[in-house]
Every structure is written in C-alpha cells, then in structure tokens.
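Each in structure tokens, the structures are laid out below.
Two complexes come next, and they have one chain in common, chain A, joined by chain B in the first and chain C in the second.
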Partner chain A sequence: MKIIVNGEEKDVAATTVTGLLSELKIRSPEQVAIELNGDILDRNAYEQTAVKEGDQLEFIYFMGGGHDAY
Partner chain B sequence: MTLTDTQIERYSRHIILEQIGLAGQERLLSSKALIVGAGGLGSPAALYLAAAGVGTIGIVDNDSVEISNLQRQIIHHTADIGRDKALSAAEKMRAINTDVQVRTYKQYLRADNIDNIIREYDFVIDGTDNFPSKFLINDACYFAGKPYSHAGILRFSGQTMTVLPGQSACLRCLFDGPPPPNAVPSCSQAGVLGVLAGVIGCLQAAEALKFALQQGELLTNALLTYDGLQGTFRKVPIRRNPHCRLCGESPSITTLEEVEQPVCDLKGKGSCCTT
Partner chain C sequence: MLHYLNIERQILDAMVNHARATAPVEACGILSGEGPYVMDIHIMTNGDNSPDHFSLLPEEQFAVAKAIRANGEKMLAVYHSHPETPARPSDEDRRLAFAPGIVHIIISLADPREPVVKGFLLDDGEVVPVSLLISRSVRQAQDGMVKA
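Let's turn to the complex of A and B:
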C-alpha cells in the first residue's frame, strides 16, 4: 500500500498508525506529532486509526534543541 | 516620528522597498520585540532586528556565556566568556544601532513573571530550547494575545511556526505538552550544526519584521521545516486542533501555570541552555 510520509511516497504493510510507527522504526513516538491528511491525531487514537492507500502523513518532530528524536 | 537624514541613509535599503518606505521604517522604529534567550536562535534574531531598527528590543537570558556556546551563539564573542548573556547581547545590539532601545532581563521566565514582560512587547521570539519554556511562552502568549514565533533546531534540522493566538494553530495544537522526562536526553547530548541556528533564527526575525510592517503572509498554520543535509525546506500545513488543551473548543488549560521541568543535567539548572 502506498502512502505519503513527510512528502515522500512509501510502500508499507501497516494498516494502523501504531503499526506504521513500528514499521517505520520510529524510536521515540512520544516526541512525534502525527498529522493524517491535515488533522493532528490524538496520541491515544493511534491504535484505532486506520491507514489507507493514498493517505498523507506528516511526522512532526518536536525540536527543543537538546532532543534526539530518532 | 520623522526620520533624520542619518536614519534615512542608514535604512535606505529598507526605505527603497515598496513594501516598507519611510512609513514602514517608522513603523519598525516604533515597534517592540522581545527575544527570549540570547542563544543560538536569539543571536541572529537580535542582531538583525537591531540592524533593522526595531525601536525597542527586550532580551531575556539568565545564563552567562560559555565557550561551548560560541560555535553558534554568534552575538557573543570569545572575550564575553563568563559575562551575562543578556548584557553581552545588549552591548552588541547597541553597538550596531543606537536607534534601538535595548532592555535586558537577567532572569528565567516563569509563570509568575512572564506575563508582565511580554505585555510590554508587540511580538515575541522564542529562542529557548527546552520544553517547559516553550510551552510557557506558548501559553503566556495565548493568554496575553501576543503573536510569537516558535522555533527549534536539532542536529541538521530546524523548524519554525508563527502563532497568532486564538487565530492560528499553537504549539499545543501539535503537542499537548512536554514529552515525558525520561524521553528527554540532556541538552548537551544532541548536537547541532551551528549555522542551523542562523537559518532558523533569521526566519524568526523575518517574521517579527513582517508582523511589524504588516506585510506579506506570516508563517501561521504551517510549520516550516528545514533539512540542512538535504538542503530542503518544507512547509507543512497545520490546522488548529479542536482538541487543543489551550486553544481548542473545551480547553483544560485556563490559567497560566508553571510547565513541569523535564530532566536536564546541564549544570543542574532548572532551565537549561538556550539553543
């Protein structure tokens, strides 16, 4: 399934946001905000939120200055 | 306000711009900007705002200059090591432009003092690097209705967003609060390419100038991210979040409160380094 993550096309198997986080090996999800098709997702809804073909996601890393998001 | 001949010459490259002119330069000279943190982001912002003739510039910093700051905090010189950052920064701004009235605040911003300070200014530049300060500034600007520029830098990347409180997405629309302390490494652990502070700090200064001039489109409802390694900018649209705890439909944050400090071992100070 093809989705767009941070402007780049990716072919993924995950069907939920939680699955996507692990498939894309996001190590510190608590420092990432996720936008799905323009809406910021509730952190507690990742498990239930489905990812579908063509979805556009933005993983937004919180940059304080001393923080290692990856 | 009438510009002197010297001022007309000093600001001639502004005045010649159709969007600025004499009236715009006068606007800048009567505008007031507050820069929180005389660090990596605050350094270029302070230098350029002073050069631009922003009439009143406040600079907040409680730290003193250390040698490890000099790689990116370009307002401070080697001879300033050990001096108060606020004073060091003020000295450089005054040296650039005596038209500018510089006010220094050698203190940390807290829930009980931030409101009094930001109310004196038209626009706030967040040049801090720690989560509690960033949320405190976001919240205080919301309650005071002050437009402000958020920014962060890390390694080879940076981001910035301008917030018009109540009108555009705020920091809490994106992140409901600081990440858990155990997820936050110490300030000194993650590096940053010094020039990133310049790129992003200058973008913040540009926002402050645009706001004062009432020209162009502010970077609101969008996060501008810069990937220094790839050499790419991306403008990610951000919508206001109806569930935002601060500016959403049923906010749970209704008064300004201290934002809990995450662990930061830099000198054991409550509020850590500025970027």
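Let's turn to the complex of A and C:
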C-alpha cells in the first residue's frame, strides 16, 4: 500500500498508525505528533486509526525544554 | 550529523531580537536550510508562554515543516532562549530532545548587553557542542566568493 509520509512516498504493510510507527522504526514514537490528511490526530487514537492507500501523513517530534534554576 | 552551522548575521540578529522581545518569557523557533547552511528563520509561539519552559505548538510546527519542504530545505535547528541563565542545555533540554540530528541553539540573555548564542547536539542525552559560523551571507559562504 502506498502512502505519503513527510512528503515521501512509502510502500507499507501497516494498517494502523501505531503499526506504521513501528514499521518505519520511528524513534521515541510516544513523542511524535501526527497529522493525517490535514487533521492532527489525538495521540490516544493512534492504535485505532486506520491507514489507507493514498493517505498523507506528517510526523513531527515534540519540541520543548526549559532552563534549570542555577 | 552536523558539527557546525553557517548562519547569516541577519538570522543571528533575528534570533537575538526575538529573544529580547519575548523576555522574560522564553522565545523559540526553527532554522532551516541546506546541509550546514541556514537559509531561513521561522519564529514560533512558545506554547508554554513561560519564563522557564518552552514548547512548540504542533499546529505551527506542521505548517512550518511543510513550508520548509516546499522550499526544498530541511529543518536544521530549533532555538530557544534562556532569559536569565547561561547558554547551556538544561536537564530538561536534554531530556526533551527527541528529534535526532537536530541542532539545539540556546540564546542566553543572562547579560542583556552581551547575549551569548551556542549550539549543541543533544542526541541520546549527550551534549555535543556545535560551532556556529556567522557570515555576512550564507549564499556567499556557499559560493566561496564575495559579491558587492
């Protein structure tokens, strides 16, 4: 099944978003936010969200930080 | 793996100005370009709106990621400010550095008259300094020639 991930075509077997994260060997998958066909997915819905032929996905890593008290 | 970034003076100044304008809240943003050459700055909203923490808003990050790709560039660095502390990665900075290969730039305003800007790779909890080479024009640095 062909899908687009971050602008690149991928041929994958996964049928859910969780399966896709695993198949693509995404590091720290729990810190990845995902947009599916323009909609940001609820992190708790990755397991139940189906991936279909032609879907367009964007993966981004959570980015944050802070400073310590010195 | 990038061990240095080449940054135009104009982009460095834009980061420092953003940090100053946002203080005492931490400022944050993204730098994009090709290889070690930073071509663009993307000023982002600090979703935490805090003097101690920052986080990028996913909706802004998705939009910027697509714009960077449309320009034929890559995300090279994420920057944030430390309004009152030194330009070194905090424990939280290291713990929350999930994106592999991204340079983390910290702008310290601890001395407001002399901002300090430093770069680091924070993959796997390790802190590896990244040199920031400041030039008048990245395009000139790429060409290896000076234009009028």
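Here, the second predicted complex is superposed on the first by the 64 of 70 C-alpha atoms of A that agree within 3 Å, B and C clash if a C-alpha of one lies under 4 Å from a C-alpha of the other, contacts with A are read in each partner's own complex, and residues count from 1 in each chain.
Everything that follows uses one rule, which is that contacts are C-beta pairs under 8 Å (C-beta built on N, C-alpha and C of every residue); 3 or more make two chains touch, one makes a residue touch a chain.
Source: prediction; values computed, not measured.
Of the two partner chains, chain B and chain C are each touched by A:6.
In the superposition on chain A, A:53 makes contact with neither chain B nor chain C.
Look at A:64: by the touch rule set out above, it reaches both chain B and chain C.
Of the two partner chains, chain B is the only one touched by A:39; chain C is not. Annotation: chain A residues 6-7, 28, 31, 33, 35, 40, 58, 60-68 touch chain B in one complex and chain C in the other.
Considering their complex, residues 40, 128-131, 134, 152-154, 157-159, 173-176, 179-180, 183-190, 192, 223, 225, 234, 236-239, 241, 243, 264, 266, 272-275 of chain B touch chain A.
In the complex of the two chains, the chain A residues touching chain B come out as 6-7, 28, 30-31, 33, 35, 38-40, 42-43, 58, 60-69.
Per the touch definition, chain A reaches chain C in the complex via residues 6-7, 27-28, 31, 33, 35, 40, 58, 60-68, 70. By the touch rule above, chain C contacts chain A in their complex via residues 26, 28, 47-48, 50, 52-56, 58-59, 61-62, 65-66, 69, 78, 80, 82, 84-86, 89-93, 96-100, 104.
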